[in-house]
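Shared chain: subunit A. Partners: subunit B in the first complex, subunit C in the second.
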Partner chain A sequence: MAIPPEKTIVFNPATPQPKDIIEDSQESFLDNFQVLYDSFKKNHIPLDATSNAGNHTNLQLLQQPKDTDFQTDQGEISVYTKNVEGQTDQIFLRYQGNQDEFQYTNYQIYSISPKNRQTFFFTFLPGKIIVYFGVITPKGSTFDLEIKPRIAKNIIGVNLCPFNVSSNTGFPLYPPFINSCVETSPGIFGIVSLQTTFLSENIPPCSYIVFANV
Partner chain B sequence: MSYNTAIPQSSDARAQSQKQILANFQAIARVWADNHYPLNGTDNEFYGMHTVLTMRPQIDHPETDIGQIALYNKLVGGIPELFFMPQNQHIPTQKPIQLTYPSISTGSGGTQYSFVAGPFIVYMGFIQNVAGVPNGQVITLMPGNTLLYAGLTSAGVKGTDGGTGIISPLTLTASFATNLNSPANSFTITHGLNGINGFMQVVYYLAIGV
Partner chain C sequence: MTYNPLIPIGEDPPADQVNQIRQNFASLASVFSKTILGSVYNHTPFNNFNQGDHESIIFQKQSTDPGVTLNLDVLYAKDAVSATSTEPQLFVQIPKFVPNNKPNNPMQLTFNTVNTTGPVYQSFLPGGYLFFFGTVSDISLPITLVPTPSSIVIAIAQSNNGFAASVVIANPDKVKIFSGNETMPYTFSWMAIAKA
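On to the complex of A and B.
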């Protein structure tokens, strides 16, 4: 005996019709209540829960088309996701009065294994800014500070802070000087080239932070 | 027609209830379609999910029970801001945290700002002058805030010492941010030893304000 195909339940906002008797409408009522129940229990506390009905459990945001502009009136904030080229789906915000949207989250957050006398961490700031940070322990008067992952299109800020003192004078060492920001591939900056300042002191160990547009 | 929670009544005629029930189902579908995947969408895998979260401003910070958090919109100076509320109903020390700032300026310029939760505004950028960034130059950061931190890193050299010789980074020290908030939301670029004539061509800055 063939198994009947599973019925697809769809919400019907056009029920009941004027001449429907209860027998006509009963199935669509059941379907509508079932879809309402199924919809509400996803991302929300179920309708038949004994407490907290109306609260959200989770917030799954479906990817929106690239050219979507959500109406955002005075007093409102819109939160939504769009796919970002070279990344994944990211959260966007649009402020009240239909202001320009901006990307709130950015790329991923994690650390990369230390390498070549440098530790690597990165996070983001709203507005497509990636923040690289960590510690360098150079040996010598020059050092190539690497920024990974290599997705920086424009280096907007660099800050270096030594955390050692001079063995000769006991005074804090000077931070290194930036010779150049180096493109490691066309349009992508991957290295900040450093050089010691003030005569022959080697570059001291430093904490670093680099801001870049992606 | 708006949603009616008081229908049908036991004495209602069928024709009357039909219109009211129809109106309620239509209202439910119409309201749900705001912010959510439509109830009559073709893929039930997406039922209940959201397309956008449009948040109306709340008058008071919400209460959150144990195991709960809340994301909400509350006006700050008349401007809607996104807030995070940790569980606070039984732990009063848990306070709301503002997640957004009223504006943002990022892109490809030399003067940008963003924000982190707090709300703290994060300024980053560079001061560039081929003739050398002057010692004592006052940098005012906008939008105006009380600066909590400012740090500088120098890059590029002018090339010659007023015609008297080649300048190398090896003869320079660094630039420092002094006079924080004097005048308001500003700092002064102060060059260290041997940099007093302003040999640095670029000074990168990072500042945080509130």
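On to the complex of A and C.
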């Protein structure tokens, strides 16, 4: 026996018609109630749940066209997703009264294994800023502090602070100088070149934090 | 009665169907006008200028990550374990990824406490990190970070007098500043980033 094709359910806002008896418009009613139910079940606790109906299970923000300019009235904040060149789909915010939008998320955070006497951590700040941080344990008077992942288009600032070592009972060690920020590929800065100060023979172990635009 | 997508039934007399149909409309209206103590939750009610918008958004805690395969970002709440408690936190997953050989991990966006009064100020950074900062003049004792993190990743201190400062991290929650003379009448700005 042939299997009948699966019926496509379509919401019909023009149902019922004035002269319909319920039997005439039953199918449209069923379709409408089913479409409402199925649509709402996405992202939400279902309409027929015994508790918390209407709360959100998650909030999927579909990618909006790149040039979309969302309108926000007074008292509104808009949250939406757009694809960012060289990145991924990212979340944007726009505040009331059509203020300038800003990018809230910037990149995918993941863990990076320590390498070459350096630990690597990174996070982001709203506004296309990545914060790189970790610890370096140089062995010598110069050190190339690596920026990973290599997506920094502009180094905004670098701060370093030495760890005090147990053999040093009182006076602090000195952080290294920053020689230069090095482009490792066109337009991408991947290394901060460090050099010991005249007061220290070698660069001491340091915490570092780097702020960069992406 | 709750919402029933399987009504009306054609053979039932119209009078029997009215209440069922009304119930479905009422359920929809009720869900779109959830109000507690005068505040509207989730969606703007029907027959309102902003109907269909969101008011606040209540995220029901999820036990798994939803994953993303399409061009979208997804926000959701899931338990995150920290050194002090297990609390639902707001997470985001994004679909595409650079570089491609890395996993598409969910990102924890929030933490459940902040300290805006000091002297040990505390906020949070995406990725499950706590951000501590402040100023201190007495460096004879270590700074104790509250809430207690799992481990301190970095600590940075700087004196206001131009002298160098260095630090010692005593995990999981202490940072000691050194600057040669602990009795100097100088203040030090400091910050620390730790895993929650």
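Criterion: the second predicted complex is superposed on the first by the 205 of 214 C-alpha atoms of A that agree within 3 Å, B and C clash if a C-alpha of one lies under 4 Å from a C-alpha of the other, contacts with A are read in each partner's own complex, and residues count from 1 in each chain.
Assume a contact is a pair of C-beta atoms (placed from the backbone, for glycine too) under 8 Å apart; a residue touches a chain by one contact, two chains touch by 3 or more.
These figures come from a predicted structure and were not determined experimentally.
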item: Touching partner for A:Gly54 - first (subunit B), second (subunit C), both, neither; value: second
item: Contacts of A:Phe163 with subunit B and subunit C, given as first, second, both or neither; value: second
item: Which of subunit B and subunit C A:Thr196 touches, first, second, both or neither; value: first
item: Contacts of A:Phe211 with subunit B and subunit C, given as first, second, both or neither; value: first
item: Contacts of A:Gln34 with subunit B and subunit C, given as first, second, both or neither; value: second
item: Touching partner for A:Val84 - first (subunit B), second (subunit C), both, neither; value: neither
item: Subunit B versus subunit C as contact partner of A:Ile188, first or second or both or neither; value: neither
item: Contacts of A:Tyr174 with subunit B and subunit C, given as first, second, both or neither; value: both
item: A:Glu76 touches, of subunit B and subunit C: first, second, both or neither?; value: both
item: Footprint overlap on subunit A, where subunit B in one structure and subunit C in the other make contact; value: 21, 29, 36, 38, 40, 55, 59-62, 76, 125, 159-161, 174-175, 209
item: In the complex with subunit B, residue positions of subunit A that touch it; value: 8-18, 20-21, 29, 32, 35-36, 38-44, 55, 59-62, 64, 70, 72, 75-80, 93, 95-96, 102, 125-129, 141, 153-154, 156-161, 174-175, 177-180, 195-200, 209, 211, 213
item: Subunit C residues touching subunit A - in the complex, by the definition given at the top; value: 2-12, 14, 17, 21, 24, 27-28, 31-32, 34, 41-43, 50, 53, 57-60, 62, 66, 68, 70-76, 92, 94-99, 102-105, 107, 125-127, 129, 153-158, 163-169, 176, 178-181, 191, 193
item: Subunit A partner contacts - residues on subunit B that touch it in the complex; value: 14-15, 18-19, 21-22, 25-26, 28-30, 32, 36-40, 42, 44, 46-57, 68, 71, 73, 75, 79-82, 100, 102, 104-108, 110, 112, 114-116, 122, 124-126, 151-157, 169-174, 192-194, 202, 204-206
item: Residue ranges of subunit A touching subunit C (in the complex, touch as defined); value: 21-23, 26, 29-30, 33-34, 36-38, 40, 45-50, 52-63, 76, 81, 83, 86-91, 105, 107-110, 119, 121-125, 131, 133-135, 149, 151, 159-164, 168, 170-175, 204, 207-209
